[in-house]
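See the structures that follow.
Shared between the two complexes below is chain A, which pairs with chain B and chain C, respectively.
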Partner chain A sequence: MNDIYILAARQISAQSPLCEAWMDTPVSYDEAYVRSIDPDYKPYFAPNAARRLGKILKRALLTSRQVMEACRIPHPDAIITATGLGCIENTGFFLDALTREGEELLKPTHFMQSTHNTISSLIAIDAHCHGYNSTYSHKGISFECALLDAFMQLKNGSIQTALVGAHDEMTPDYFKLLKRIGYLGHATNGFSGETALALMLGSVPNGQALCRLQGIEMQYGTDRAALQQTFGRFLQQLAVGPDDIDAVMIGVNGQASNDRCYAELCPVLFPGRKLIRYKHLFGESYTAPGSGLYAAAVCLNRQRIPAHLRMHPSHTEQCGLRHILLYNQFENKNHSFILLSSCGE
Partner chain B sequence: MTCTMDELILKLKKEIIDVLNLEDITPEDITDDAPLFGEGLGLDSIDALELIVLMEKNYGIKLKDPSQGRELFRSIRVMADYIQANRTK
Partner chain C sequence: MQERIFVTGAGLLSALGTNKEEALTALRAQRSGIAPLVYLHTSHKGLPVGEVKRTNREMMRMLGLPETEITTRTSLMGMLAVREALEQAGLSETNGLRIALISGTTVGGMDMSEQYYLDFLENDTRNAYIATHDCGACTEMIADHSGLFSLVDTISTACSSAANAILLGALLLRSGRADIVVAGGSECITKFHLNGFRTLMILDGEPCKPFDADRAGLNLGEGAAYVVLESEDSARRRNVAPLCGLSGWGNACDAFHQTASSPEGEGAFLSMTKALDSAGLSPEAISYINAHGTGTENNDLSEGLAIQRVFGENIPPVSSTKSFTGHTTSAAGGVEAVISVLALQHNFIPVNLHFSSPMKELSFVPATVDRPVRPLQHILSNSFGFGGNDTSLIFSKTESV
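This part shows the complex of A and B:
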């Protein structure tokens, strides 16, 4: 079975775009609804090409292009995209027009670009990729599903490279709906954000790889004992002991209903391990776990976990990082474990 | 509804810029007689669909045969002439 590496990653989010400035100078927010910090797209897109692209498509194309350029892999074997809401902004425009004007006078562009798989297909068209192309839209586990797909295909050797994306935008209208049902917007230490992340995974290290992707395991259910068993088996299969894990990146977001699960499970699953977080920087979205993986990969690559990621700031800076585990859960039912290791491990 | 041809041409240019999201283009950049498709503005078949929707929505002109668009969308002036003669709103 092949080893799998994260060869490069790029993000556009609530943090400074297309760079890792968040490691040293994070942008912090007090409001509950935050849109991403967009770079100036003009140098990257011809005006005629840009005029039809919504924000999510510009972000997805730019992050993907930069990752492909950084790795010198212009045609990845697979393009796999995770998106919880797809092109929700265009969907909103389309539905608004539908309710306002009926079915006869709808703008074709908004219709064409309102589907979930627009993102992955547009990246493929842009890069002239004719290989495997897939989109996972599974609410809060969309990213894990996309990653698992790439992971399995890379492991068994059916592909050598995979561009994996996590892309979600959040419109004011959709945010209002999520706030009304209590899913978001009542945060004391977190916000609703947008995700645009591109990762290149490959089975051949390129000398600049951020880290290794050792394994991914997902479990559905509320049975705590079963979850504990699954996690134990996961580590056993990877020949990693609980004490080998340097830090556990978790998806706390400031919402009591979400964070309660972490508070209950983390002491049981990861006793004594250092807990670190990412959603206070990148915000909550259906594909936010992608940002967690990205943040952990950068930490491993730089061999440093900034103090602002630590759940307990009293924890001291640690050298020689070898393994970071990601644990995310969605609605207390969908659990995922992802183990990243430094390239030397 | 009553306006001179020059006023209609200017209004049409503004509407096209808006509906096709032609960033960085002003009405002055669009020549009245220049081709809209291919050369000139470089519009394509999806833009043609947008223009068909614009004609119906803003001027009440329903193009039953989409192939009419090829002739009709030749230039801003041709469009404006057609609108002036056939508009219902």
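This part shows the complex of A and C:
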């Protein structure tokens, strides 16, 4: 079976865009609703394209182009996108017009770019990629669904490279909706963020790979015994012992109901392991777990975990990293495990 | 040689009826399910569409759900089709098996969101439907109704969603990550996409005429359809008879335009070619093509030319069953997979309705005779979506997988 490498990654988020400044100079927020820090798009898009494309599409195109350039892979074998909500700005425009003005005055513009697969197909159109193309949209595990698809195809050798993206925008209206149902906006030390992350995965190392993607496993349901079993089998298959894991990256976000699941499960699943976090940097979104993987990959690459990622600030910075495990749960119902390892391992 | 993948169950809910027996009867009788719109609350009453002829309340009763249950039309249809598929495959409990549900949808809970959107924005009266809006919520409602699934996954590639769900199911089985996969899709008609398609001016005001020179657009449809996939070993262990095999799959991107296909059908050509390659079949082996065939000027020309590129002089019978069901968008790949399974089982070609004038650009005309010249062995089913998300699947007689 092929090894799989994360060859490059680019993000636009609540942190400084298109760089890893968050490692040493993280931006922190007090408000509950945070939009991403957009780079200046002028150098990258013609004025008419910049006007036509919504934020989510500009971010997706730019992050994707940059990882393709960084790896010199202009035509990845697969383009696989995760988006929990899709192009909600365009969807919102069309829905608003439909509900306020009725069915006779609608225009196609916003509808045409409202489907979830707009992102993945636009990246393909932009890069002239005729290969495998798919889009996953499953709540807080959308990213893992996309990653799993790429992982299986890289492992079986049907593809050698895959551009995997995690893209979600958050409009003021949709934030209001998700606040009503308690998913966002009630955090004490977390915020709603937007995700734009592009990763290049490949089965051939390129000398600048961030880390290796060793395995991914998902589990649906509330049965904790089954979850423990799944995790045990996951490590066993990868021939990694619990003590080999240097840190576990988890999705705590300041919401009581979310964080309680981690508080209950982490001591059972990963006793004694150091816990690290990422949502204080990138915020909560359906595809936020993509940012968790990105942050862990950068830590493995630079061989250090900055103190501000640590759940227990008393712990000092850590060096000599080999394995970081990512554990994500969504509504205590969807669970995922991803193991990243340093390239040397 | 990789292990064969069998289809051991199928469920289909569409304009042709609430189960696959009803669909089979209608297909064989050449009776379309397309009729003037009545169920959706829209100002476009009377427009020809392929509605599932049941209200939400009727479907809830069929499922034994209490009237207070929070559901959406897409999830209700999905629950019914998944139930039919599971029953046929003899799956009523997990028995320690890892069973996955892979569902395709794009509208998700939009049917409720478009009714209550202003409430969503202004008050707390409809909050329950905020939580059912997204695609994943729809899959989980379907999964939770049966309670058998320990892996769930939602694909949203517009009109190829269900076909990609079936493709992913094959990958999951081959990688050993699931013992059994239930894959397909569900999608109800919403005002949102009915009007969206209308603004694109691709809806025919009459029953659609796929592959006809005078075709004038598509009729929207709705439905849900799922197949149960498992390895030959698993089917044998469970002592269930396979309906047919899933022998090939191909996914490619047209990479041409957000809502139009390239003139030469590059994506369609590639997805069909990849499916044939993965099945290890030459084009001559295909006995029938269940085309995407929406009835729009653009799709049928582009797909037709791509079929000619792949099959050359020897084009097998081609038809679009969207003339029966309407275009069920994200569910279409599932609906047409189940129709392909039925065609293989009963050895008939679902005909192309409403055909009268050949397209001058094409060397073939769609099939209008349901009796095949030779017994059907392999069926190629095409599903193409917005953005050029093109997927082709090949279903084969059990002994020919």
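Convention: the second predicted complex is superposed on the first by the 345 of 345 C-alpha atoms of A that agree within 3 Å, B and C clash if a C-alpha of one lies under 4 Å from a C-alpha of the other, contacts with A are read in each partner's own complex, and residues count from 1 in each chain.
Criterion: contacts are C-beta pairs under 8 Å (C-beta built on N, C-alpha and C of every residue); 3 or more make two chains touch, one makes a residue touch a chain.
Note that the coordinates shown come from a computational prediction; the quantities given were computed from them, not determined experimentally.
The larger set of touched chain A residues comes from C, when the choice is between chain B and chain C. Residue contacts after overlaying the shared chain place A:Y220 against chain C, while chain B stays out of touching range.
With both structures placed on the common chain, the touch criterion links A:D149 to chain C but leaves chain B unconnected. In the superposition on chain A, A:L106 contacts both chain B and chain C. Shared-chain residue A:A50: touches chain B; no touch with chain C. Overlap of the chain B and chain C contact sets on chain A: residues 104, 106-108, 112. Those residues of chain C whose C-beta lies close enough to touch chain A in the complex are 42-44, 106, 113-114, 117-118, 120-121, 124, 127, 130-131, 134-137, 139-140, 143, 149-158, 164, 168, 171-172, 174-175, 177, 191-193, 195-196, 198-200, 251-259, 266-267, 270, 385-389. Within the complex formed with chain C, the chain A residues making contact are 79, 83-86, 94-96, 98-100, 102-104, 106-108, 111-118, 120-122, 124-125, 127-139, 141-142, 145, 148-149, 152-153, 155-156, 173, 176-178, 180-181, 218-221, 226, 286, 333-334. Taken together, the chain B residues at the contact with chain A in this complex read 19-25, 42, 46, 49-50, 53, 56-57. By the touch criterion stated above, chain A contacts chain B in their complex at residues 47-48, 50-52, 101, 104-109, 112.
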